Structure formats: C-alpha cells, structure tokens
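Multiple structures are listed underneath, in structure tokens.
In the two complexes below, chain A is the common chain; its partner is chain B in one and chain C in the other.
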Partner chain A sequence: MSADDPFEAIKQTFFLECEELLTDLEASVTALTFGDGDGETINAAFRAIHSIKGGAGAFGLEDLVRFAHVFETFMDELRSGRKACDDTAIRAMLHASDVLADHVSFARGLIPSMDEERSATVANDLRALMNGAGPAPLPAAAPEPSAPAGTTDEIEAAFGFKPVMFNLDALPEDAAMVPEGWTISFKPHVRLYETGNEPALLLRELARLGPCTVTLHAEALAPFADLHETAAGLSWTIELDAPVEKTAIQEIFEFVEDECDLVIAPKGGALDTPDVGDVDIAALLAAATAPASDPVVPAAADVDIQALLAAAQAPLVPPIQSAGEAPTTAPQTPTKAPAATAAAAPATSAGTQASIRVDLDRIDKLINVVGELVIQQAMLAQSVAECGLTASSTVKVGLEDLEQLSREIQDSVMAIRAQPVKSVFQRMPRLVREVAEMTGKQVRLVTEGEATEVDKTVVDRLAEPITHMIRNAIDHGLEDSEGRAAAGKPKEGTIRLAALHRSGRIVIEVSDDGRGINRERVRKIAIDRGLIAADANLTNEETDNLIFLPGFSTADTVSDISGRGVGMDVVRRSIQQLGGRISIASTPGKGSVFTMSLPLTLAVLDGMVVRAGGQTLLSPLPSIIESFTPREGDLHRIGARDWVIRFRDRFLPLIDTAKVLGFSPPDRGEINGKDGIAIVVENEGGSQVALWVDDIQGQRQVVIKSLETNYRKVEGISAATILGDGRVALILDIDALVVLGRQQANHADFKIAS
Partner chain B sequence: MTDQHTNPEIAQQELMAFMAGGQEFCIDIMAIREIRGWTAATPLPKTPGYMMGVINLRGTILPILDLSARLGLGACEPSGRNVIMVVQIGSRAVGLLVDAVSEIIMVKAGDIQPAPSVAMDEMKALIIGIIPVGDRLLSLLDVNLVLPELEAEVA
Partner chain C sequence: MTVYHLPANLDTRTAPQVHAALNGLEDQPVSLDGSQVESLGGQCLQILLAAHAAWTHRNLAFAIQSPSEALCAQWAAFGAPADLLSPLGDTP
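Showing the complex of A and B:
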C-alpha cells in the first residue's frame, strides 16, 4: 500500500530486522517456557513485538499491525503484572509468536497465503485472556487497533508517509510511576558557544535521566539578514518527567553554569515560559538555512530528519513523553528534534553489538582475492626456494613473515562469513511444538552450542536437513506417552540439538531418548524392498544406516510429518551436496543419535591430490572411504571390459579414472593391479565404488573455482582449483564419474549390499 | 553480425592481425583483453579436440582454444613461441592459442570484402569477410562464433 518502490530497500531492511526481532522474541518466549524468564524477558519480548508493529505501521502492513497490536497489548498486561505469566499465558504467547512470524512471512511474500482464521483465533484468545485478567481492565489497556491507525492515516495523507507509532498505552502507567518532574529553563550565553560547548549534548544528557519534552525558544534570534555568527539567540525549556535529584540535573550543567541562564524548578512550579505560539517562523527558517551562523540550530534541523529516519528504521526508542504529547502544529515540529535525538542516542548505545551489513558479493570477492594472494605467495616462495638463497637471507625471512600474514588475512576473511548456527537453531522450537502437537507427544527441545560458527552458505542450507531430522526424531524416534510410561521413561520426550566444532568441521547432532532403531524391522524392510540380499551379514551400524537408502521408510502408516519414504535419503543427499556426511548411532530402548558433519565453508574443499593418466586431480575428501594398494588377486575381470576389486570381502566395481576421463593414451595397457592405488568412494546413493589412480600425492585444502565462469560444465568434473605451483587442477565429480564409468563399461548393474 | 560493414559511420576500424595454422587472420581489436605467452594448459575431459584445456589467469580459470584446430587447419603443437590472445565473448573470457600476432591494421568499411564461398565448414562458419593488404590476404573472424558450445549453453 504505502510501500511503493522507493521504499522497497528500506522495507527489505525492515524485514531483515523483523527476522532478528522474531528470533529475539522466540528466545524470550522459549526462556519463559523453561521458567528461566523474569521481568526483563517479558520486556524483551514486548520490545520485539513493539518494534515489529512500529515498522509495520510505517509500511502500511495493516494486518500485521493489527495482530501485533493485540499481542503487544497482551504482553503489556503481563509486563505490568496485571496478568499473571502462567502456563496459559505462555501457551498463548507461543501461538501468537508463531502467527506473528507468519504475518511477517506473508507480508514479505515468503508464504503464499495467510491463515486468517488462525490469526483471528489466536488474537481472540489473547483478548479473552486479557479480559479475564482483572475485574476492571483499564480502558487504555485494550484499545481498538483502528484508533491509532486512524490518526496515522491523517498524517499519512498530509505527508505521504506513515510515521512510527509510539506506544501510547504505556503512557498513563509511566506518568503514574513518576510522581514529580522538573522544569528547566536553559539559555546559553555567547560564552558557552565560544568555549566549544554544545547544547544538544547537554540536552541528550538530560534525556538520559528520563523522558524529556524540550521546547525551543527561537524568538530572540535575529532575522537572517542581521544574524551574527557569535550571537546566541536560542533558549530551551525542558520538562523532565523523572523523579531525579536536583543535583543530578545540576551536574549536567556543572561546566556551563556560568555561561548560561539556568533555572531548575519542580514541575508545575512557576516558571516564566514564553508562549510557544509566538515562535517566529521566519527566524526559525533563517536559523535552519544558515549553516555557519550558529552551531546549534543547523544541527537541530539536521537531526530532525535523522531522528525521524532513526525512528522509522529502528523503532527501539523507548516510549518518550514528547511523543505522547506530539505537537501537530508546524512551528513546533523542529523543536522536538533535540528530544528525539536525545532519546535515540541511548537506544543505539544500548545495542548489543556494533555490526554492519555488507553485501555478500563484496565479501566473496574479498575472499577470492585473498585466496589468490595465498596462492601467489606460495608461488613466490617456490621461486625464491629455487634461487638457492640461504635460510637467513632477508628475502626468505621477509617471505616467511608474508606467509604468516597472508594466512592470518585468509583466516580473518573466512571469519567474516562465519555466522553462529543460532539463527537456524532458533527456528526449531516452533517446529518441535508443531510436530509435537500433530503427533500428540510431549516433547522438550534442548539446544547446545548455538554460538558455533560456520560459513553463511552452510548456515543457510542447514535448516532443511535439521528440520527433517527433528521431524523424524519426534515422529519415529520418540514413543507416545503410554509407550514411554511403559518403558519407565518420563512422559516428556527430549530432543537434543547440538552443534560443535570437530577437526575443522562442524558437527550437528540430533538425538532423542526414544525407542531407538528396531533393527529387526529395518532389516526386514530392507530385504522386502530388495535393498539388501536376504542373507546379507550386516553389523548393527550397517543395519542402522540402511534407513538412509532411497525408498526406505519404517513407518507402517504414512503420516503428515514424515514417512513419505523420501525422508532420510533426501537428508543424506542434501548433506552430501554440502560436502558432508551423516551417520546414525542407536541403542535400542535408549534412543538414537544422528550425527552430521559438514565443512565449515563451501568456498574451500578438502581434497586428496591424486594423479591419473599424467594429470593431477583432486578427489573430494568427504566422499573417500578408504584408499589402499591392492594385493595380487584382489582385481578380477568380469566380461570384456569390467573390473572388480576386493574390498573387505566384498567386490566393488573398479573405475579406471584416467580411461573414463579420456586421459590415458590409447596404447596404454589394461589395469594390472601393480602400479596403482584404489580409492574407495561413496556416491550420493550410498553405494561404493573404487577409483583406480596412478598415485596419491597428498591431502590439501583448496579454493574452489568454477569452470562455468568462462566455459561450461564438464562431465566428470565438478570444478577446478589452483595448486600451489599455479597450475590448474580439476576436482572430480564422483557421482558423474560413476555414471560415466557405467556408460563406458555398459555393463549390468552390480547389486551392492549396503 | 558485427557492425563494421553495415554502418558506414564507422570510418575506420582497428583489427589485430595474427597467424594461425600458417594463415593470416584478424579480429576486432576491441574483443582482445590481453595477449600473453603460452603456458601449459590442464586438459579438460570430454571436450572437443580443439579445447586445449584451462590455465590459471590470475586466479580465474581460463579455457584455451586451439584456433588452428578450430579452423580445421590441424592441431597446433604449442611451444614458447606461441601466444594466447585473451578475448571477451559475452560475459566469458576465452584464450585463443595462435602462432603469433603480427600487427594492428586500420581498415575502412569498404576494404572488407564479403567472404568467398569456401569448401571447409569450419572456415565458412567463422569468417565474415576478407581483407586484402598489399599481397597478403587476411580473413576476418567473428570471435563470438569460435565457441559454439557456449552459444548452445546460452540459448
């Protein structure tokens, strides 16, 4: 509606902020659920909702505002203690925060439709709870949402944008809490300006003491033509609504006492306040357009806009008195400025961490360039080494320092992209609630290691597999209440979601205290579906991991939540696409632990450097199970072209890497089993094959370079990289290689157990 | 097609003349980003015979194409004397391996004659005109057509 294209960028920022605010809200509500919350937690939740509402109002998101308003009012009841924060209230909050998140998603266009019915129901529940709160709820406690909307509409019509709504409801309460205030009259002398003092700073200090209403008296200011740069024509009247000591106010003006006329009187006391209506508009305008004439006035004119922007973008400003009495006549508008800035200042300084938003592309570019720097540095080092300089030569020493520095730069740059997994983890409580409700089970989610950091691209792609695994754990892993009681477990099942760093990778664990995997049943299903041979001899671990095979589903009945038979193999595939692995460990009757391990970044890859057909290639380390030099008799020929290799009493198809990629000279003989190494790899489908290579040269971390940038996708190759000597090496696409191998061999499929 | 023979307002055009497969060719100089010496390329599997592979050009992966082989003049045996012309084709940078670059020539639109009908398909597809310079004859190539695989991908 009012969100026209010019506002689109600001709107996007607002949505980003909403995301953070919703996360905060979720955190607060979760804390309350676990009984960890106090008054401050409720306040935090209130602020989050309030900020969302304020921003939404500015963008004309009526539905969102309406719902947020009800929710906010409800939170205000809790905050003030008029309504007890009991289980019913917390449950209502949980539902309301979910609906609020939906509203935001809908406004953002992330979800196609809004469940209006649910929204209305939840809003009504909140209202019902509020009405039952006390014998005589305050009329101001639950005003109709249309009331503030009406006033803002008028302003919108006049100015073409919607101002932020302040929480008017809180005002009577604030006023009640403030038995006394002060009226301060402050008229700086020229001397004050000459000594480099800034009235705005003093006013800001005052505002820290409590809500201030600042009135500017500019009538004494000379007309623009007569304005003298050293003349002081401005004075202020400040209404301070806070029960502070007079000395506190005096302290602020301590250093300028002799350079101004200062009168501090209790509020309501007699003070010669000039009529505000007398303000000379011409003088004000003159003041505003005379940048060098007076240090204060232009600042006031500037900050007015800044304050408005700040208020529109970050409506974290605590409710201030001046907003409640917001003067609507034009001449007074600029006089509000010092108060608005003053109030905004503590809000920004109270922010938890200073941070900036940077376009991801810029960071990627930086990472790329730093990658080059490291490679160049390695090449330089190699050239220097070839010069045969002594170890103590300044060139070598300097180069060593350079190496250390470039490594440090690389680490720091990588750290820029690193983000805590918290953003993903905090979406999970809602999922657990929903799934628990659907299955009728009682579930408690425990998260650990939320601060574990990982590359942003990885964070973004973690949500899906974790969601799947949690659904699966609740639906299949946990028993229902009776089942748990029979097994002597607490009625409430526990799902634990943990993240940790282990040997340069991030490990995510999803564990439940449910029944564990029923191996007999898994085995039977696998045999029924032809996934394993009926007489296959599998270890417990191998049996457990059968659930990752495509087309495997243990649920007898297909449920809404999981059990469509696409569950775990999809999880496994999406993890493998990230260069990760997943495994399961299960103890019957005690529960299961799903463990996935992922690289910390997608920009670099751990690979094994191999040679085949005279070329240097990289095999992604996560796909590699094992490598070994076969003994004589391990290799066998089947049919005209196919080879199999013995690996732990099984025979795996052997793919001649050089031949499949066309690197081997045509006159090269067949694989002879003597001069080569077999690398056992696992493809996406979980089946294993062996790659035949000439030699393994080592393991290294490389920066991934796309071939598509300047060329196109090449079969059997996933990307390229640049080695320390500056040469390009290709990274093998294991799955494509397996397919290519099959096509070339054109043979019957091997049935591989597991 | 390029503008040079349809737009008379461009009085003169700068072309880079070079040798490939023992014959003389030229391309619009504006397409050339840089010219560098030969460095060994890493071969790419499953690509046409004229694809030499890829090299590291200051951190980007640059595909190298043997122009002689591409024109059906036989594969080039690269040595230190060969050069790579890095040309811009759309958003992509591609290296063209040639025998040597000779000079920059200035031609008027009228100097370019339409390409005669030649038997070889590879030539016919790429040559958009011929330019007689004294006793020599330079074939004008449209650099955008040297990588048919890319066009297929873009389309």
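Showing the complex of A and C:
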C-alpha cells in the first residue's frame, strides 16, 4: 500500500473507524448479554453496523456489505420490536458481530482468509430468525404494479437479502391526521447500488403499503456510450394511494436514506386544505422537508412556515404521470429540498467533531523532543547551580519557571498518548466466548476499570498477555459444569478482568472463581521436570509462582487453547519486557488472581539516582520500598557468599549491586556494612530483597532511552538515560538483578532452569 | 439480427456484463432474449433503457423478445415503458 495514495489513506481511516464502531457494537452486545440493554443499546448497535456497511459500500467491499446488510436488517427487526430480543437473538448477535469483525479484518488484510462458510451460516441463522419470528408478509394490497409472489422470492434470493416487513395493524385507529396518500420522489445515488441496495425491492415494499402508481424518469440517463455500468440516472415518482403513516414510508428507505434523494410529501390535496396554520399540518410539512434520516419532527415553533411551504410544494409542482405514459415526455423532478438537506447534514456532524486523528509517529517525535528538552533544561540548571548565583537572581527564578513549564509540557504530551485500556478489554468478550465454546464451559466475563488510562505503548502490548491469562484461566482455572456443580458453585464460571491505578503504575487483574492452583500437583511436576530439588522447602507463594517457569505445564491434556507449556512463561517474559511484573494469588477451591503491574508509560521514569562500583545507576522508584543506612551488626554472612540484612526485625537477602553487575574488580573487599546504603526493593513475586549501593544522590524523573536499540541487551539493566550533567546512567532492572544475584550465589535448592 | 440472451439475474452484479455485451454489438440491430430473466434491478434497467435510446437514435432495431413473466412484472413495477418489451416494438 502506498502512503501517497489518497484513496488508500481514506480507506485506512475507514478501517480505524470500523475498529471504533466494532468496539461500540461489542459494548452494546455485551450490555444486552448481561440484560443491561434497552432500546437505545439496540439502536447503538444498529448504527454501528449501518455505518460500517455504508463505508464498506464506498470501498466496494461487497462481502462485507452483504453480511452487514443482513445483520443490520436483523437489528432493525429487534429495534422495531417486531422480533423479541431474547437469548436466541442475542446469541445470533454475538456470532454475527464476530463474523462482522472477521469481515473487516479480512478486508483490511489482517487475516489471510475469510471463513465464508461460517459467514454464510451465521447470515442464514439471522435470516431464519427474522423469518421465523416476524409477522408473515402481508398480502400485497396493491395489485397493479406488484410482482407475482413467486418472483418476489426469486428476486429476494437473487439479491441476497430479505425486505423489511411492516405491520399495518400497528396503524392508529384515528387516521384523521394521516393524509389519504403520499407522493414520493426517489432518486438513487450511485452509492445506493454500490452498497448492495436495490430500487426494485424498495418499490415493492412501497407497493405493499397500498396501491402505487410508479412513474419512471429516465431523462437524466447518460447516453449509452457514456453510461458507466454503475451510474445512477434513473429516478422515480411514486404515488401511494393509502392512508399510511409517514414513518411507514420512511422505514422502507431507512437503509438508503443517505444514498438517495428522497422527498415524501402528502398527496396534492393536502396542500389545498385551508387550515395551513394548524400546528399539525405545519409539523407534517416540516416532516416532509426534513431528511428521511430524521424521524423526529422538528418543533413547529422552530421552523419558518413560509420556507417550509415553499420547500414542500417543490416536489409537487411537476405533473404526476401515470405508469402508462412514455417517460421521455415526463418533466424532470429534481427538487431543491433534498439537495439542501443533504448539504446541511454533514455540516452538523462536523460541528460535533471534538477530536482529531494524529499519526503516532508525530507524537513520538514530539515526545522525543520534549525528552531532549527536559535533559537540556536539567543540564542548564546544573551549569547555573555551578555558577554560584544567589537564589533570588533573575536567572535562577527564570530557570525555575522554565523547569515548571517543561514539566507541564512533558505531562501534557504524555497525556496525549494516554489511552483507556478499553480498546484492549473490548476484544476479550469474543475471546472468552470462543474459548468457552471450545472447552464446553459456561463463562461470564466481568470487566472493571475500562476507563483506566495508560500510555499508548503499553496499551498496544497489553493484549497479548491478557489474552494468554484469560485463556489459561478458562482452560485451567475454571472447572467444567459437573465439577462446578459438585463444588456447589453456580454453573457459569466468572472471569473478572479489572484495571486500576496503584502508586503510579497500572494494575491489571485477571481472576477466576475456579478450582485454584493444585499446589501438590504443581510441586510434583516441578520436581519431575527438575525445576526444583525434591526436598525443597517452598512457601505457597513460591509454589504458585513455579507455573511461570519455562517449560512448565500443568494441563493433563495439551489443548489447542493453552497448555503447551509455554503459556505463563511467555506471559511473564512479555510483561517483564514492559517493565512490569506479574504475581499470582490462589486459594484452593476458590480460584486464582493473576495480578500484573505495569509502568504507566515506557517513555519516562521516576527513579532514584544511586552509585555503585563508581557507576551512576538509576533504580526505578516504584519498586523501592525503603532505603536506610544499616547499623553495624545488621549484616550477616550466610555460607561462603551470601549476605542477609536485618530490616524491621526480618532478614532480607542482600545483593551487592556492583558485584552482580560486574562493576567492581573481583579482588574488591566484601561488603563491610559501613560504606554503603541498603535499598529495599520488591520483586515481581512481592518478596523483598535489599540492594547494596555506595550512596544515594537523589530522586528525579528521567527520559528512558533504549539500550537495546542503541547498544545491546545488558543483563540486569533495563534501559539507560541521560542525566543533567550529560552523562549516561543505566536503569536497573530489579527483577533481573535479583535473579542474577541468585544465580551468582548458586543457590542450592532453587535452581532456575533458564 | 444478433440475439443476445439476457442473464437470469439482471442485478447490480451482472450490470457490467450486460453493458459490455451490448457495447460490443453497437453497430447492428439487436434482439434481446428475455425468456430466462428471473429478476431485474435498477442498474440493468437503466442500461437497457439507455441502449434502447442509443439504438433507436441510430435507426437500428432494438427489442426485448419473449420476456419472461418475472421480467414483465418487474418492468411494470419500475414504471418502465411497456412498449419496449413488446416484440413489435423493435422498429422505431
């Protein structure tokens, strides 16, 4: 795809919109699943499908249009109440929204092939539901132009969709306000054909309302030689001789209201009625001039009656012909009213637009520049400090203001990239459905904290670990129906997916109400695989965390869903790469909670500047619990190499940072407990260790620069930054450092397989 | 006179095909066989109407012969000129 191709660019925008629309659709369907939906929810779903269909038509995505049309028609049945929104209907909607998403993904080239069979099956299901539950087609009240019954079916089959049925019984008894007939002027645009719609069907639907006299206008038709095969030159005037409500006519054109010029006006006589001043008539006229898309009749008080009358009269000026007359002599009936309303519609929608789309690259560039600005400003501040100016000097005051401003810029830029995790969470209901179907379990997904915001870079990389954890929770965590019944639990298992902010990090929790971790089995497998020694003494927490070890699988049978022994290992690694950590809390018989905590951004970091082995290092602030200068006697040596430190009446393992990272010469003396500071940090499992450093220099926010991109991966180091004095400081990867420390200590009974 | 058999489904999808076929017969009298037609859509209708006008303009015969019942019914439903369907309507 070429970035220069404007058509391709518009198409990409369409796909972005599709993504949002599918998200809306998913939200609506999910709400309906939980019984939270009302008429507006169904309307929202309908609108989402309608918009996707409209856009797809413009890009000639025929399969997508065809499927969306069926789905849309189905939603319309629900919306109008002709079909009850029961469990069967909701299940059909769930399947249909999945297939619709697949169609979009396929059109976008994200998936290599489209499961046509499934699409056809789901479409047929929708049709079957509509036919089964809807009222039987009304006997054609208009004998003259209507087609024989057999042909109706054939044409419906040929065009691949069913017309919408109308219930004439729903007409009000009191028809005093309903005119005796209507004059409908209808001119399809090219898009009407492109979106798979067909005037033939619309005309037939009109004929069902009552006797119609259809006049064809072919004057605007291009000469045959110039006639593009998808041109739209024909238009029709239909005189409907039936006292039906206007909405019945509008409903017929509902699907195509944006793709045609349409004027529906009461039949000629209505205008001659003397009581024009009557509010009802005025409202009726207002409705006649309003675009068909607007079912709400504007308040009579708000409209200029004179202007409305003029507009409403316009379509009635040309003489109406009978069907038998030659069309070539028919005067043209283009009316100004529809053109004006069509032009007005986009203007209103543009007015409500409150956001713009910006290429992510541009924001990244901005963030990079702001990062440089912050560094430069820190360097300047340091130089000024070295000049020994007084605190009241204008330079210093100005610099402080500058500092505040640059901090503000930085925060604002980060806020631009902040996105709610909703986009990721919304993909999960479908996953849950599919996995539940595959495993034959009944699962209900509950999500919380969808509005929690996190940096775009983090959002993008959340989907994979969450997907994995949910699969695991359903496949391994939840019992099957019999198992749940035996345990006295409701048949339907619950998976809870929650996001929240906690101390400057985002925490994602995936919990299930399943059987919990079988520690006996986990322990046995770990011993069998040689991951731990047979006599290792592990806490419950340590045992639970064994499932994160590479090559560990607890499933008795390897399923397609999860359990190839790569699952949780991969999850942990991808979370660690994001600077996050994952832990598990499990209660046998009650379920498990997986908690992952991630930094809010991957661009800046609050850290503690420390020195170890003569090097300046940065320890991420969120992992630091406390720092203190130990008293003599707080340090104890265990065995030949290991040290522990007393901290609040407990002993914590002590890691010599300089030594583990290889900064200190091997002949350097041992930790002596005098020239140094201990920093207590928490690792991914929630257990604490102390890091031994030479001294602490201060706390500051730094801009993260990738070490891997610029140099290579360094064990125990997550990234680098540039300090105010222009020097590079390495950012510690606490978890990796702890593991490294353990490896070097060659711990006897807790070998790490990797 | 060349006889062109109209496809069974004269919908939006077959419109390009019909247009191309007629385009290829532009300088000769044409008779369209409508006996197989099962459905007729707006796109094909306008191609047929435009073609009729073009052929008539060149004083060439253009007629739709033996239209099927379905074709006649849909033709009428569109309010299209009935004489075009009649076998006698082939001469201007």
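Keep this in mind: the second predicted complex is superposed on the first by the 392 of 754 C-alpha atoms of A that agree within 3 Å, B and C clash if a C-alpha of one lies under 4 Å from a C-alpha of the other, contacts with A are read in each partner's own complex, and residues count from 1 in each chain.
As a working rule, a contact is a pair of C-beta atoms (placed from the backbone, for glycine too) under 8 Å apart; a residue touches a chain by one contact, two chains touch by 3 or more.
It should be emphasised that the depicted structure is a prediction, and the values quoted were computed from it without experimental measurement.
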(message) In the overlaid three-chain picture, which partner chain does A:225 touch, first (chain B) or second (chain C), both, or neither?
(response) second
(request) Could you look at A:711 and tell me whether it touches chain B, chain C, both or neither (first, second, both, neither)? (result) first
(request) For A:198, decide between first (touching chain B), second (touching chain C), both and neither. (result) second
(message) On the A-aligned overlay, A:661 touches which partner chain: chain B = first, chain C = second, or both, or neither?
(response) first
(message) Going by the contact rule set out at the top, does A:693 touch chain B (first), chain C (second), both, or neither?
(response) neither
(request) Would you check which partner chain A:371 touches, where first means chain B only, second means chain C only, and both and neither mean what they say? (result) first
(request) Decide which partner touches more residues of chain A, taking chain B and chain C as the two options. (result) C
(message) For A:722 in the superposed arrangement: first (chain B), second (chain C), both or neither?
(response) first
(request) Mind sorting out which residues of chain A both chain B and chain C touch, each in its own complex? (result) none
(request) Give every residue of chain B touching chain A within the complex, in rising order. (result) 40-47, 53-56, 58-63, 92-94, 149-150, 153
(message) List the residues on chain A that touch chain B in their complex, please.
(response) 368-369, 371-372, 375, 615-616, 660-663, 705-707, 709-712, 714-717, 720, 722, 726-730
(request) Quick one: which bits of chain A touch chain C in the complex? Just the residue numbers, please. (result) 144-148, 150-151, 154-155, 158-159, 188, 193-194, 196, 198-200, 203-204, 207, 213-216, 218, 221-225, 227, 229-234, 236, 323-324, 326-328
(request) Enumerate the contact residues on chain C facing chain A in the complex. (result) 9, 11-12, 15-16, 18-20, 22-23, 26, 38-43, 45-47, 49-51, 53-54, 69-70, 73-74, 76-83
